Amino acid sequence: MPETPAKLTVHDLACARGERTLFTGLDFELNVGQLLLVRGGNGRGKTSLLRLLCGLSSPLDGEVRWRGDPIRRTRDVYHREMTYVGHVNGVKDDLTPLENLRMAAAIADRPLDEAHALETLKRMGLERCLDLPARVLSFGQRRRVALSGLVVAGALLWILDEPLTGLDVHGVALVETLLCQHVAQGGMVVMTTHQPLALDGVDIVPLMVGELSAAPGGQ
Amino acid sequence: MSIAWFKYSSPATFYGLAGKLVPWFGWSAGILTLIGLYIAFFLAPTDFQQGEAYRVIFIHVPAAWMSMFIYMVMAFWSAIGLAWNTRLSFMMSRALAPTGALFAFLSLWTGAFWGKPMWGAWWVWDARLTSALILFFLYVGIMALWAAIDDRRRGDKAGALLILVGAINVPIIYFSVKWWNTLHQGASISMTKAPSMASLMLWGMLVMAIAAWFYSIAVALYRVRGIILERERQTEWVKKLLEARS
Amino acid sequence: MTALATHYDPTRENDSFSPLRFLWTVIRRDMLLAARRRGDWLTSQFFFVMVVSMFPLGIGPEPEVLRMVGPGVVWVAALLASLLSLPRLFAEDYRDGSLEQMLLSPEPTVLVTLGKALAHWCIYGIPLLLITPLLGVQFSLPAEAIGVLVISLLIGTPILSLLGSIGAALTLGLRGGGVLLTLLILPLYVPALIFGAGAVDGALSGIGYSAHLSLLAAFLVLTLMVAPWVAASALKVSIE
Amino acid sequence: MPETPAKLTVHDLACARGERTLFTGLDFELNVGQLLLVRGGNGRGKTSLLRLLCGLSSPLDGEVRWRGDPIRRTRDVYHREMTYVGHVNGVKDDLTPLENLRMAAAIADRPLDEAHALETLKRMGLERCLDLPARVLSFGQRRRVALSGLVVAGALLWILDEPLTGLDVHGVALVETLLCQHVAQGGMVVMTTHQPLALDGVDIVPLMVGELSAAPGGQ
Amino acid sequence: MTALATHYDPTRENDSFSPLRFLWTVIRRDMLLAARRRGDWLTSQFFFVMVVSMFPLGIGPEPEVLRMVGPGVVWVAALLASLLSLPRLFAEDYRDGSLEQMLLSPEPTVLVTLGKALAHWCIYGIPLLLITPLLGVQFSLPAEAIGVLVISLLIGTPILSLLGSIGAALTLGLRGGGVLLTLLILPLYVPALIFGAGAVDGALSGIGYSAHLSLLAAFLVLTLMVAPWVAASALKVSIE
């Protein structure tokens, strides 16, 4: 384990898409056992922020640091300790759920405990879809496969872009439990959602992205 | 020196500098072209083998040279841009591409024009002709890639990568075709029959080549000014400039 | 329910086989996916066969003409077959989000591009080599020329996959990707085409073919060293 | 106007996907001024049902009727009076929001009132995106474009598959208002959602799809 | 906020121009979208030029050989250019959901497939006709042969678009669709290729070309009557 404690810090971050500056001067710090809840109306730049945090795009200005080092420099350490689930699931249509987890683990260069993976899939309510290719699964079921991958990866930092889309009430409750447990075990979460969340006893760091909405209407 | 370099690599100052240079290069290009054409059509004697048709050479050769040279300049700017992420160098290579393509097309066009009386065919699949055609395709590909990408940052970098890869390819094409039997080379030797005629032709070609250079510089600078304005239109200095103008 | 695994395992980091293992993972993954799409790679080979067989229909049946154009036609068809399958090299992974996950892997991205290009070659290039002798016979090429044709394709097809990966990365997610890819990549393919078809012509006319083949091999080495890096940069630019 | 009153009836409908029978013997009736709320966990067949109702796929058994006639037979009448917004938006990436609406209207063979369309887009919070191609819009903004199309179409029957996904709170409130108004004006709605809905004074017909969930876990 | 428009307008239904108007809407829509993708259709034309130019590189530069293979090469390239652009005929509309919306239009689906095939021809076929004379010159074809080549393509390219729309509808949403499409459609293209290239060969050898051209025209009429219906059924099946 590296000496420096696990910590995600953001310094003076700015992001522009096209002609438009989405946000500037963003500063925050996320420690072990905390959940950063990114809020903001449609099109405010939540997804853009999360992609910056992952290192998938590079900021207009400022820096993202993991354990004190810029993620540009210590990319491999950082990517070994984080997982990202975006708007699209990263689920291969031609593979069954279990194969999808296996593949994801291999690509992320992580060992996979097959029994644990299977059990996770079942807990996520995919028991009856285990030998269907992901192509025929419903919208919510595919989302569940992606979230199972997240659980199985066992990473320290989770970055989740609207993980609740398409989930039914049971699914939402399940995700809430997952989040609580993860944070309680010393994990870290960065997430966005437009739905209400019931996270009792979780240390939530709220973050508002983009200008404050002037009028109801999202923009 | 180095301070001046950095100063002029900022788009705002470069815009002004380019504005001053454009007329100079433009006018010189025009005057040199007139001189060159005068030599070409009035001073240079008729070639007794090729007749009047050979006069195409005064456009054909400078155009062919320019098309290759401009590609290399674009590769240079792209390498700088990728290495140091300087905005201006990407703009330069964008400004140069259409001119390069134009010259590549000109050399093809004039060459084909010349080929009909010389070889009896508009086009033969000869090494040099083919490589000139490929160069033209490279230009078109680069411009198509730029056209397809809306995001400016992505377009700049993707275009630069393609230009560099293509640049590795240009000499390869050039040498590889040596293994092919070629028709193009022989013609150029037959020109240098009488030394006096050759020297006059050489001068004409040289003048035309310099004119092509100046033209390229002028047009590229003119175009880069447009690109700067478009890209920096949200900055203060451009807003002021536009206000002052209107 | 979830047990937080060790987040950072220093023993793995010093594992010097790790890049090779990851490369193999990427190749295996693409081959598994290709195997799932039953018949997908087979159809690509069919395309090759069909383009080659289309020519006698368009050109006419004279054997001498066919023998003359044969090597060129086979090479151009190989080139088109690779071009046709290339747009999908990254596109599907991009659409379903798994390409992002690959870029988020701790291993370097250049291994992803190299691995995917190699997998492409295994899936599209190798079967093509096995079919070629048959097509050579169709064009009544002599045995030696067929041998040279196969060798030239053996050296040449990896070049097609590697250079193609650059084009695929550059045009990722662009509208009109497939055609644009062709436009970008065909000029880069020219040397391979000239050396490759040239070698066979050399064998046919008795001039000799080793010079062409060694140039082709040199081109392969160059591509192998340059293409994965360029493709990786292009991929990062495209995905931003 | 045809004599028969607007009414959507479903008789003994059954649907199978692959090997699996999703539901059988579904019967219901929807009248003017009513909203059919289709509920059910992930993968129960809500989307499949909605596509059956649209006539996009054909049932294993049973029949869907509009104004008393099977929709197979009176396809053009039915399609003139309904609009569908599915999981995917039907928004063209290369067109601006307004052009998208124009195109959708032309395809649906409906006249478009440009001023009304523009106003609707603004009301849906897309004022600042009016001259951006849909490609660069955020997830929620694209959803809003699709919903604007729905409003502008002015059809009698709306069929909506999870219209709330990706919308922020303002967006959700907006959609709720739209639904209430539409129903109040004598419109009809068939929709699914996993999120809670505040529809005061609306005549809601609830419908549960698939077997009752045995255990929490969605499946 | 929303005013419920008239849901059902009997005057519109009896409008006998409505099918034509709708057809025109579909064509215009696709052409607008193509225009938005600046350079997209241009690149498709370049693909055509490039494939044609690639052959002499592989075959060698002898003018007599090139003159012999020229018409065949141009026809095969036209065929490939159309094949390459076909997978996108429905695929993008399918992915973003607007194809569903088109099927939900009150107008008959056959107008959608016919309109999209015609738009495809306008975008890909017509510019190709304009380039062909230049390529004919490159292969040093005589003027009459070039004329026949252009006419054969004028009759032949709509066939390619129409037949292609069937293939595109059948393979919609299938993995490996592009190659599968090729596999399905190339055999259907063979008659067009034989009559088309045959006409030019007839002109070159002085045998005459009108028989070939009339056969080609008959084939066009046949396709025009059958293809849109088949494509419409295929589309409905694919989208279920």
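A, B, C, D and E label the chains in the order they appear, each numbered from 1.
Assume a contact is a pair of C-beta atoms (placed from the backbone, for glycine too) under 8 Å apart; a residue touches a chain by one contact, two chains touch by 3 or more.
Only a predicted model underlies this, so the values are computations on that prediction, with no experimental measurement involved.
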Per Cα centroids, the chain farthest from chain D: B
Pair of chains joined by more contacts [C-beta pairs], B-C or A-C: A-C
Chain A-chain E separation of Cα centroids, rounded to whole Å: 45
Inter-centroid spacing, chain C versus chain B (mean Cα positions, whole Å): 33
Chain D and chain E: spacing of chain centres that average the CA atoms, whole Å: 35
Set of chain A residues in contact with two or more other chains: 18, 87, 93-94, 123
Touching two or more other chains - residues of chain B: 137, 140, 144, 148, 150-151, 180
Junction residues of chain C, two or more chains touched: 37, 175-176, 180, 183, 186-187, 190, 194, 240
Touching residues on chain A, where the partner in the complex is chain C: 1-2, 6, 54-58, 75-77, 79-84, 86-95, 103-104, 106-110, 116, 120, 123, 133, 151, 153-156, 177-178, 181-182, 185-187
Of chain C, residues touching chain A in the complex: 1-5, 7-8, 10, 12-13, 18, 22, 25-26, 29, 32-33, 36-37, 95-98, 100-108, 239-240
Complex interface listing, chain A residues touching chain D: 17-18, 40-44, 47, 87, 123-129, 132, 136-141, 143-144, 162, 165-174, 194-195, 213, 216-219
Interface residues, chain C side, partner chain B - complex: 163, 166, 170-171, 174-176, 180, 183-184, 186-188, 190-191, 194-195, 198, 211-212, 215, 219, 222, 226, 230, 233-234, 237-238, 240
For the chain B and chain C complex, residues of the former touching the latter: 82, 134, 137-138, 140-141, 144-145, 148-149, 151, 153-154, 157-158, 161-162, 164-166, 168-169, 172-173, 176-177, 179-180
